[in-house]
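One chain, chain A, links the two complexes that follow: it is found with chain B in the first and with chain C in the second.
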Partner chain A sequence: MEEKIDLSRVYGPSDDVVVREIEGEIVIVPLTSGIGDLEDELFTLNETGRDIWSRIDGSRPLGAVIEDLAKDYDAPDGLVRRDVVGILQELLERRMIVERD
Partner chain B sequence: MDLPSRPRPALGDNYPVAGLMRAVLEKGRAFRFEARGTSMLPLIRDGDVVTVTPLSGGEPRTGDVVAFADLGADRVRIHRIVKAGSGAYLLKGDHDPGADGLFSPEAILGLVARVERGGRTVRLGPALRSPVIARLSRSFLFTRLYRRARRAFGRREGSA
Partner chain C sequence: MSAISYVRKVVAGEAGLWKSSKPILARLDIELTDRCNNNCLHCSVNLPAGDVEARASEWTAARWKTLLDEAAGLGCLVVRLTGGEPLLRADFEEIYLHARRLGLRVMLFTNATLVTPRLARVLRDVPPLEAVEVSVYGLTEKSCEAVTRARGSFAACRRGLGLLGENGVAFTVKGAVLPPTRGEADGLEAWAASLPGRTGSTSFATLFDLRSRHGDGKSALIAGLRMGGDEFVDFSRRRGEGAVDEWRDFCGRSGGARGDRLFTCLPAGASAAVDPYGRLQHCLGLRHPDAVYDLAAGSLREAVTGFLPRLRGTRASDPAYRERCGRCFLKGLCEQCPAKSWAEHGTLDTPVEYFCGIAHAQAVAAGLLDRGEKAWTVRDGSKRAKGRIGSWRKRSI
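Moving on to the complex of A and B:
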């Protein structure tokens, strides 16, 4: 089911993931099924994905994160928003990222 | 911007999993991954999917099949404790002729609780916690006995 993403809300990593940087990539192992599963549930993020992941840290609204990324990558807000929301959507569905109060 | 369209699964043969496994087990969760190699034949085959559970405060014992961090090779290995001493464990693959050497308790990450092959759980009975196999393995008798039993079983199958 598609999660509704609100740019004014704050998102951050779930407590039910283990995250490690290995060989320059972010490796995320979700524990939501009660198991750290490298066979079916392991994910890695490349350099840009890592940049996004590190900024979605539960401290700022998503809109501010997108603004920063657009500035740093010198890219239009709309393009960055589309890509960030796309990744966030998937991470939310997999419970790797959660909405913070 | 070069953004990834979606996260991607990844696991290489020599993927360093020790840190990941330790972090998952420290959260009290099990860890499931594909085992490579033949050192634990006949119980665990190359490509079997192994589930490792936390030690949960209990001390591993002689006969337990465990996951341990082989830091020299920067990888996790699955072998059997063939002797538990004071503050050290002698580890060995059932199919290996020699032992790996002595390892500290900190190197032991967790206990192997389940083995899957072709999507189905392999019924191993008490073989994952067997002091008898540990004793046989120390003298490399386990593999020799297994081979002999398989040959005998194969003959019976052929004559049936």
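Moving on to the complex of A and C:
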């Protein structure tokens, strides 16, 4: 099911997962039921995913996150937006990220 | 920036999780208590559920929680909670939830007799991320309670399994081959396969440890319950020759003899164990005084980075070990290790005849040895084993 991404909204990590940084890897461990498909699954993020994840911290709107990333990466806004929306879509579907009030 | 797939699913423990360095500690095994509400014939651990002295000496939930914090800080991903019967502890839920909130996966070993509706709901809502491992000691009330020597344990176990199943908590069933349950293996497997929530295949405990940790004379009883080599082979063959083929292949792939090395079971840093009183060990079975680190007087980090590596570097001094185990090419089959040596002899490096006999029976069945031949007398035994990987089996005589 596709989630609607709103750049003016604030998103942050869900309380349904525990996020750990171990030996340079971000490891997302499901806490409550229904996050993973199997009982022994964990999740890691690729390099881009890690950087995006660290900025989706529930403190500012998604649009501001994208602007910062575009500056840091010296990349076109459109490309950054595509990546951020892509990862957010995936994390929202997995209930690892939630929309904050 | 460019990304197509951002989130990668990994099976926990997958080596590919770590790109460069691995965590200092991958898994921590915790015996929350030696006490158990069963009194199984073959158990090397259990003390009575009401043992006041044991209970008073056990670490509190607060201490376990601090240790779990330390373990998570060292990168630990998995904690095994076992006993005795860990659910005897009134604070089990508190310890369990603390581990899960730290992002640890929990392997729970239990006899399921103390699973309550509340605990089943907790395990449903905050799943352990590992199938609960349930020891089931018989297909019938008579056989089960002949093993557990606890009236009502059969019904209680089934009630607990039912609660796990109703709540969608994944579990595996483990049996034990003992005189009262001989001949029940096929039936237990079929019954377990029919249970809602059951996952994986049913395994069976067959080669029991002696009870050196308590020194109460029960070891003689346990020794009398153990299978001999041929019986073990026959049991393993009950589903065909697959197990024997695996032994042959495994032996061929397990490298050369041990030499004077004692610890050959795990890579350094992979895991550690802690007894109910806060003493860290290389594994749950090894309580030799020279192989125990008191966490109350140190730290988990020091134990894992200093004490255990030093311990794992220990070399054998027993001439019999060096002559036999040190030259034996059946390393991949034999259960000889410091924990077994300690359980049988109180030492770290004495050959254990029982496990030696089992490994030799396996090797005969796998066509790696002739009956009566001793593996340590075989020149180029590793080459023999490697040469027979995937080969047609030689029938035992």
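Miscellaneous remarks
Rule of thumb we're sticking to: the second predicted complex is superposed on the first by the 92 of 101 C-alpha atoms of A that agree within 3 Å, B and C clash if a C-alpha of one lies under 4 Å from a C-alpha of the other, contacts with A are read in each partner's own complex, and residues count from 1 in each chain.
Methods note: a residue touches a chain if its C-beta (ideal position, glycine included) is under 8 Å from a C-beta of that chain, and two chains touch if they have at least 3 such contacts.
Being a predicted model, the structure only gives us computed values, none of them experimental.
In the superposition on chain A, contact of A:Ser54 is made with neither chain B nor chain C.
Contacts of A:Tyr73 after superposition: both chain B and chain C are touched. Within the superposed three-chain model, A:Leu91 lies in touch with chain B and with chain C [touch as defined at top]. In the superposition on chain A, A:Val18 makes contact with both chain B and chain C. Of the two partner chains placed by superposition, chain B and chain C are both touched by A:Leu31. Annotation: chain A residues 18, 20, 22-23, 25, 27-29, 31, 36-46, 48-49, 52, 69, 73, 75, 79-80, 83, 86-87, 90-91 touch chain B in one complex and chain C in the other.
Contacts from chain A toward chain B in the complex involve residues 18, 20, 22-23, 25, 27-29, 31, 34-46, 48-49, 52, 69, 73, 75, 79-80, 83-84, 86-87, 90-91. The touching residues of chain C, counted against chain A in their complex, run 1-13, 17-23, 72, 75, 77, 100-105, 124-131, 168, 170, 199. Interface of chain A with chain C (complex): residues 18-20, 22-25, 27-33, 36-46, 48-49, 52, 69, 73, 75, 79-80, 83, 86-87, 90-91, 94, 96.
Those residues of chain B whose C-beta lies close enough to touch chain A in the complex are 1-11, 15-17, 19-21, 23-25, 27, 29-34, 49, 51.
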